[in-house]
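We just call them A, B, C and D in the order they show up, numbering each chain from 1.
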Amino acid sequence: MLGVIFFYVFAAAVVVGAFAMVFTKNLVHAALFMAGTFLMIAFLYILMGADYVGAVQILVYVGAISILFVFGIMLTKRDRIEDSNRFNRYGPAATVVAILLFASIVITTLGAAIRNAPAPTGDSTIQTIANIFLSDYVLAFEFAGILLLSALVGAIVIGQGQLKRTTKLRPAAGGGVQGGGGALGGGAGVGLGQSTKGGDK
Amino acid sequence: MIGLAHYLVLAAILFCVGLLGAIAKKNAIAVFMGVELMLNSVNLNLVAFNRFLHPEFLGGQAFAIFVIVVAAAEVSVGLAIILALYRRKANTSVDDIDLLKW
Amino acid sequence: MNALHLLPGIILAPFAAALIMLFVPSTARNLIRGLALAAASCSLALAGLAMFLYDNSTKGLQFVEHIGWLKSYGISLDLGVDGLSLPLVLLTAIIFFAGVFVSWKLENRTKEFFVYTLLLVGGVFGVFMSTDLLVLFMFIEIAVIPKYVLILVWGSTRKDYAAMKYTLYLLSGSALAFVGLFAIYAYAQNPQLGLGYGTFALSDLGRINFDPQFQKWAFLVLLVGFGVLVPIFPLHRWTPDGHSAAPTTISMLLAGVIMKLGGYAIIRVGLGFFPEGAAYWAPVVAILATINVLYIAFVALVQKDMKFVVANSSISHMGFVLLGIASMNAVSVSGAAAQMFAHGIMAALFFALVGQVYDKAHTRMIADFGGLAKYMPRTSAAFLVVGLASLGLPGLFNFVPEFSVFVGGMQRFPVLTAVSIFSVVVTAIYVLWVYQRVFFGPANPRWEGLVDMKGVEVVPVVLLGGILLVLGIMPGGFMNIVSGGIAPIVQRLASVSTGGIF
Amino acid sequence: MITLAILLTIAPIAAYVLIVAFAQRWKALSAGIAIVATGGSLVISLYLLIAMIGNPTPVHDAMQWLRIPHIGGFRGLEIVAGVLVDPLSALMATIVSLVAFLVMVYSVGYMKGDEGFSRYFAYLSLFTFSMLGLVVSDNYFMTFVFWELVGLSSYLLIGFWRLKDAPAEASKKAFVTNRWGDFGFMVGIILLFLTFGTFDYTALAAMIPLYQHLGFLALIAVLVFTGPMGKSAQFPFHVWLPDAMEGPTPVSALIHAATMVAAGVYLVARAFVLFHAVPNVMELIAWIGGFTAIFAALIALVQKDIKRILAYSTLSQLGYMFLALGSGSMSAGMFHLTTHAFFKALLFLGAGSVIHALEQQDIFKMCGLAKKMPITTWTFVIGSLSLGGLFPLAGFWSKDEILLTALKNGQVALYWIGVITAFLTAFYMFRLIFTAFFGKEAEVHGEHAHHAHESPASMTAPLIVLAVLSVIGGLVGSPWWTQWFGGSFGTFIYFGEPEPAHIDLAVAIPATIVALLGIGLAWVIYGAKLIKHEWLAERLRPLHTLLEHKFYVDEFYAFVFKWVMLLLGRILDWIDHRVIDGAFDGLGSATRAGGGKLRLIQSGKLQSYALVIFGAVALVVILLSTNLIGGFVK
């Protein structure tokens, strides 16, 4: 009986968090609401007995991804942050589509005859997940590693802007500043400097 | 008793709100957040199906973890792109990025 | 007799020459021209030999070659000629031989020019020789595509518009004809009605008697598909632009040969397989043919550019071919087949001469000319000969096929044929009017420096003019071959009972 | 016999080929070749004529030219190239080669300075070849072939001085007008072939009388007659002959007087069985002939150019011949053709020598030539007298025959037309003679008059020969000839039963009186100048202008050509460019425009794509859930 209460509490929190994330004006608030929603979802996982997944959820989503988002927001902060989370032209159409989609999913799920299995044995799932990872999905596991590595490198390269290039490639016009950039770090700095200067042009 | 249907409905709500966020937002990062939300709803579904249909075989959860891995990679690269975009165009509104126009 | 492998020789000569030419440096112009001339003379010699060795007594295909290709689909590179296609093969060889001489002085990218022309001619040979339906279609495409490039690069007035228009017309036509092709193939496959096995061989397909309902629309599809090539009335607009934009050799080949692909295919496939369908659509074709003949003759009357006049006269003459086909009897169909040959030679000579005048005077507007006979007596004499041939003067070959089309036509469509015969008067008017305004009258001092044709330019004129004259005086032998060729087709037509569409 | 007939035609074409191929440069050589060839043909034709007089049985041989088999219910095509020698063709061959020979001899002098000298003789040989071919051919198809070749050679000869506008225009006009005639002729031949299955004259001669439905036969006859109408310049198609005078005068003498224009008459004579079988077509021919005769004679009254007067006179005489043929007598028509060939060639050559001397064609600018050019003048006078139809001369006998046939066959109206035309003919011929040859020097201020000199022997010799022929030529048809040689022209060439020659004073006397009246009137106005012709012209101003403009027929044809043919051409050209081209090009531009519209969908906005995708998903799911399209739910 306790589980039911927990479920409804967490579910309500998740829904409220999601709506808040979408409808707040301030982008930073949205980020924080997102983090909250992820946390509630983690608790739902744990409620369902998927403790490892819940832990990973907290670790990755709540811990890393939300923070990255806040970084992102801060780095691309324009003038008024309060009003940075506005809707665009497709707002009304999107809501209609979202509602329709929701209706269609609900219609199909309610129609389906679902046989709920009994609750699991309750012991920790880490053991079994680890076995699965290193037996059936070992290949996927390795690729996940490679994926993360490539994402890492990709993020660095894109994030820090142009590597210092020889002047020959770049045309003289306005290139003075980029050309002069120093080593890797300088590049990032220059990238930053150039952006703000660019802003007020 | 909480059944699979409840989770599916919840996930559906999450998914649709995420969709709304992804389509209707002007700011690239907000769009990105919407996408993350949609990913999470998918995870929720996965774990729910695993829990209610085949609790003995944790394939669903393994899959969810992989989704999280991918999501993480995606966020990092995504934000890097938004950053580079911001450096070029000095604003991150999605409407200005229409180089794909034929 | 086909130990000599004449037909493969004729068809491979242009393709081989094109291939070798690719390796020749484009600066060695004379070597390129020599190669093209070698290919042309080789095809001409073999075609002449085939014509000589062809014995009219045995019915059906001769010099048959069987080279398997896609056995599972029943497609094979079969070659074979009969009375209908051999003259057209000879026609192609003659015109190409003359064409090489006409473009002898071409300086601008000669290598590519000759490579494309050789491809084109090879394609046309393929069409007339192949006795396999799909291969025939394939060669039609091979013949049509290079011409786009040729018109686009070496063309004159409004060449890109004309090239695009020409290609779109012809390709949409052949696309439509493909529908007919696959309908025949499917029909052949189903065991009760057809042969039970899928094949494209003309001989096997000839054995099926298709049910009239199928024949009606299949003939229509083929008629419109190939009608674009002939050109039949509403689909003729590509000819004036295509001809006048094309360089001389290409408009010779275009008027001389490409137009005959349509006529040949309609007779071979249209009349050959669908007698009832042909009978059903015959009145429509006859009316369109009459429009083709008379309407276009009037249009030619008011043209200001010489090449447009000649292009329109080509359409008008091809109208006779259609009238011959529509009248569906031995005299008219053999008249139509012979008219294709006669008109080919005449149109090629006409375009060669107009091309010569254009290359020297750099204008084709009739108003600019006057009294050219003073400076170019030989060209004006040749122009008169070909002009008289086009208006159907007896003594030159064009009169005989036209006369037989009229005799044949009069038996099926008396009124329409009488109206078509009236076009002979209109043709006389516009041909002689153009001739008078260009070559007669006081000499226009502007053309003082024009030099008459000599040396290389004389060869095509003498060759084509000679053929017109010789066949005009003794057409008996040639007409026997042609009527022998179409006898089996007409035999089948004779047994047709269904009436026309109205 | 047959080989001779073939040789007869081959000689001139061999000359043509020789001249064109080799002898182009040496003028004398090419003239020589042409004259020898025609001379040869003349000798052969004379031999054939004498042989035919000996035994008039026709000789016929043929070889297959073209054969398309007879398949299914439709008739095949069987064309044969054959030679038929019978009295009619022998006579025509003789006339053609004789006049051609004389004209060639005459042309040596006439065309001396001309740069296209050898080309001229080549064309003349080509003409002789085609004319002889036409005369000896044995079936309609071959006749049609040579018919067109004759038209071609007349086109070449009229347009001989091609660097001048007038000859170029005249040659085109001649060919096109002939082409109108040939169009009907060709349709006629094809119908004839389709109904009887053969082109051959002798075979048709047997089959036509048995043919029942005359209506169709009448149609064929009329269609076939359009050919001769075009070639012999009868009423609707006469416009080209006066303009054909632009060619050199010997050409006019040969082609537009004696031979080519007579081809039409010859064809009607050759195919007489076709016309004879349909009485009302005969009537039509007679009336067309009669009308053309008087029509041309009237126009000739006011013409100033010597060659135009002779051209209209030819038109009128051709009308006479058709009048004779139409009223049923083939021999009268042919007889007049023969005599007309002699004196009209004479008149033209005479006019030629005048023009050659004075470089002038307007008769009012010539005067007093009698003293300067005696031979030309007296031969010209003999020719005119013969044309006028005075007693001993050739014209009298042939014209008398025609008037007699007209009267005998009950064509009284035509008889009177004939008599009036005879009067007009005499009048305009002697108007020409009195003004040009016998006018006083004083009135004419033209400076050419005094240095006129007689033409060289090579030109006057043919004149004399023709003059002699014009005198004695007529006797062939006179009753004395039957006494001396036991047969006259009528018994040699006839249709049905022979027509012995005899004088019918009731016709001869009035005709002669009328001719004398005409000469007298001409003398009054132009000879003694008692009545000023200007004054007379002033009095009859409207009539005079009408005649001067040749009843405005030329203008009418020009109008029709411009406003019907060219306008139709322009309209159709407009349709061709705008409507048909517009439709297909429109198709092209419509596709391009459609593409332009579709392009806007690719807006580049990612979110719009996402919206569309998810919208579609939702829609599909909803549609599937309701069983609108056979949904899967329950």
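Everything below uses one rule, namely that a contact is a pair of C-beta atoms (placed from the backbone, for glycine too) under 8 Å apart; a residue touches a chain by one contact, two chains touch by 3 or more.
No experiment lies behind these values; they were computed from the predicted model shown.
J.: Quickly list, by label, the chains bordering both subunit A and subunit D.
T.: Both subunit A and subunit D are touched by B, going by the contact rule given at the top.
J.: Counting in whole Å, what is the centre-to-centre distance of subunit A and subunit C, each centre being its mean C-alpha position?
T.: Measuring from centre to centre gives 71 Å for this pair.
J.: Whole-Å distance, subunit B centre to subunit C centre, using C-alpha means?
T.: It comes to 67 Å between the two C-alpha centres.
J.: Provide the C-alpha centroid distance between subunit C and subunit D, rounded to the nearest whole angstrom.
T.: About 37 Å, centre to centre.
J.: Distance from the CA centroid of subunit B to that of subunit D, rounded to the nearest Å?
T.: 99
J.: Could you check subunit D for residues that touch two or more other chains and list them?
T.: Those would be 607, 611, 614.
J.: Check each residue of subunit C and list the ones that touch at least two other chains.
T.: Touching at least two other chains: none.
J.: Which residue numbers or ranges of subunit B touch two or more of the other chains?
T.: Only 19, 23-24, 94-95 qualify.
J.: When you draw the chains as points and link the ones that touch, which shape shows up: line, ring, star, complete, or other?
T.: other
J.: Note which residues of subunit B are touching subunit D in the complex, please.
T.: 19, 22-24, 31, 94-95, 97-102
J.: How about subunit A: which of its residues touch subunit D in the complex?
T.: Contact set of subunit A toward subunit D: 88, 90, 93-94, 97-98, 100-101, 103-105, 107-108, 111.
J.: Can you list the subunit D residues touching subunit B in their complex?
T.: For this pair, the touching residues of subunit D are 599, 602-607, 610-611, 614.
J.: Can you list the subunit A residues touching subunit B in their complex?
T.: Of all residues in subunit A, those touching subunit B are 3-4, 7, 11, 14-15, 18-19, 21-22, 27, 30-31, 34, 37-38, 41, 44-45, 48-50, 52-53, 56-57, 60-61, 64-65, 68-69, 71-73, 75-76, 78, 84-91, 94-95, 97-99, 101-102, 105-106, 109-110, 114, 116-120, 125, 128-129, 132-133, 136-137, 140, 144, 147-148, 150-152, 154-159, 161, 191-192, 194-195, 198-199.
J.: Where on subunit D does subunit C make contact in their complex?
T.: That would be residues 64-77, 144-146, 148-149, 152, 155, 159, 162-165, 167-169, 171-172, 175-176, 179-180, 182-183, 186-187, 190-191, 193-194, 565-566, 568-570, 572-573, 576, 580-581, 584-585, 588 of subunit D.
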